[in-house]
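Structures given as structure tokens follow.
There are two complexes below, and they share chain A, which is joined by chain B in the first and by chain C in the second.
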Partner chain A sequence: MEFTEDQLQRYSRHIILPEVGGKGQKKLLNAKVFIIGAGGLGCPVGYYLAAAGVGTIGMIDNDTVELSNLQRQIAHSTRTLGMPKIDSAKNTFEALNPDVKVVGIKERISKDNIKDLIKCYDVVVDGSDNFPTRYLVNDACVMLKKPLVSGAILRFEGQVTTILPGDGHCYRCLFEEMPPAGLVPSCQEAGVIGAITGVVGSLQALEVVKLILGKGEVLKNTLLIYDALRTTFRRVKIPKNPDCPVCGSKPTITELQDYDAGYCRL
Partner chain B sequence: MEEVKVSKSINIKGLVCPYTFVKAKLAIEEMELGEVLEILLDYEEASRSIPKSMEDHGQKVLKVEKINDTDWQLVIRKEKE
Partner chain C sequence: MAVKVRIPTPLQRLTQGKEEVEGKSGTVINLINDLETRYPGIAERISEGGKVRRFVNIYVNEEDIRFLQAEQTQVKDGDEVSIVPAIAGGGITVER
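This part shows the complex of A and B:
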């Protein structure tokens, strides 16, 4: 594939980087990334990956755009209120970069559809807002050996980690079981400062770009915690648990389960 | 300077930064280690910035010469992928 003149201009700041170059830019254009959620995290992740020229972006979300989303979900707008979030995001990303194909799926992700949805993608990004989805995505990615960049935000705090199944830790090595419903407050209950989605989503987008390029170091066996009030980043080592119920040597979770029981969703 | 065999030659006259370097970098990426790239250009700033950037990227600059009133010739050997 040869670059068009438009592409040379669009990606010039990438191409002149030693870590990217023309070869790296072609890897980005050929890459397929699946994003869970078109909300606070999915918006900046998808926005930057679209700008970077990631050729195929899959995205699943079952919600429509509400006014209360717009304080942080920057791919949507006042004009797209009431529209399915995946359609709103697709319009935004494809308007930014016509090289990008956005495959939007207006469904809820579940144990029944997740494997089929992610199997053709190179990297999965979790931008979901609840524990059942977080554990479902982790377990499915471990089972299919898909790299997973997981992010989470609440109030003024955010977390990012990168899961490389078979190599590093997984989410269950860190927190084996889901917290009981109601123990951890949701954004709806506790609030979230808008710009933190940009920080955490941009960190996730960069993890994805590094995975595609094969450059640098990702957050393998590491949880990065950002405290926006104190403006601090903390790296916490997360060793792989040899007895992990999903990625350990003798896994007890070998099929996806019903993760939603007892949980309410935003 | 001993004669070097030029493997590839590009003419980027009329281009300005950063496209001068974009074109030069894409050209050298597709070459083999040890091969030599000749670049003809007429944008003065690039006659300084391309050699510097190429060296930063690990390539060997063999020649930078003003060949007439408007044009420069650069000769660069690929030493790093």
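This part shows the complex of A and C:
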């Protein structure tokens, strides 16, 4: 594949970086990334990956754009109110960069569709807003050995980690069990400061780009915690748990389950 | 010099908005119980029956206590203890 004149200009600030170069840019153009959720995190992740020229971006979300989303979900706009989020995001990303193909899926993610949805992708990004989805995505990525870049936000706090199945920790090594419904508030109940989605989503997009390029270090065995009120970043270690029920040496979870009993539905 | 305890956003309501409070040296579980005397309600959010809840992690400096001596891990003055609960927010709207 040769770059067109337009592509040489569009990606010139990438190509000039020794860590990217023409070779790295081609890797990005050939890469396929699947994003769970077209909301607070999915918007900036998709936006930056589209700008970077990631060739195929898959995205699943079952919701339509609401006015209360627009304080942070920057791929949508007042003009796309009422539109399915994946259509709104697809329009935005493809307008930014026609090199990018966005595959939008307006469905709820479940144990029955997740493996088929992610199997052809190189990297998965979790930008979901609830625990049942987080555990489902983690388990599916471990089973299919897909790298997973996980981000979460609440109020003024963000968490990011990168899961490399077979190599580092998984989400269940980090948090063994999901909190019982009602104990941890959702963004809807607790609020979230808009721009934190940009910080956490951009960190996730960078993790994806590094994975595709094979450069630098990702947040393997590490949880990055961002406190937006104090402007601090902290890192803590996440050892791989040898007794992890999904990625340990004797896994007890070998088939996917939907974990949303007692939880609000997506 | 005491133990520095980092309080996560969801629990700062119990510490009058403070992100960092002082803790007592000794075992982690004693530190949690001591916090409870000053910040009622906090121990229950972090632990149950003397055990740290499974969706909350406690780090002494950068190390997860589950891989040290769990609740019996010793902390000393100058150590930094972080309480890190799982959070899930991201963006798919939750329908009620």
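Note that the second predicted complex is superposed on the first by the 264 of 266 C-alpha atoms of A that agree within 3 Å, B and C clash if a C-alpha of one lies under 4 Å from a C-alpha of the other, contacts with A are read in each partner's own complex, and residues count from 1 in each chain.
The rule we apply is simple: a residue touches a chain if its C-beta (ideal position, glycine included) is under 8 Å from a C-beta of that chain, and two chains touch if they have at least 3 such contacts.
Small disclaimer: the values here were computed from a predicted structure and weren't measured.
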item	value
Chain B versus chain C as contact partner of A:177, first or second or both or neither	second
First, second, both or neither for A:23, with chain B first and chain C second	first
Touched partner set for A:163, first chain B, second chain C, both or neither	neither
Touched partner set for A:61, first chain B, second chain C, both or neither	second
Contacts of A:219 with chain B and chain C, given as first, second, both or neither	neither
Which superposed partner A:154 touches (first chain B, second chain C, both, neither)	second
Touching residues (chain side chain C, partner chain A) in the complex	6, 8-10, 19, 53-55, 57, 59, 62-64, 66-67, 82, 84-96
Touching residues (chain side chain A, partner chain B) in the complex	3, 8-9, 12-13, 15-16, 18, 21-23
Chain A residues within the chain C interface of the complex	36-43, 61-63, 66, 69, 72-73, 126-131, 133-134, 151-157, 159, 174-179, 183-188, 190, 192, 197, 223, 225, 227, 229-230, 234-239, 241, 264-266
In the complex with chain A, residue positions of chain B that touch it	18-19, 21-23, 25-26, 29-30, 53, 56-57
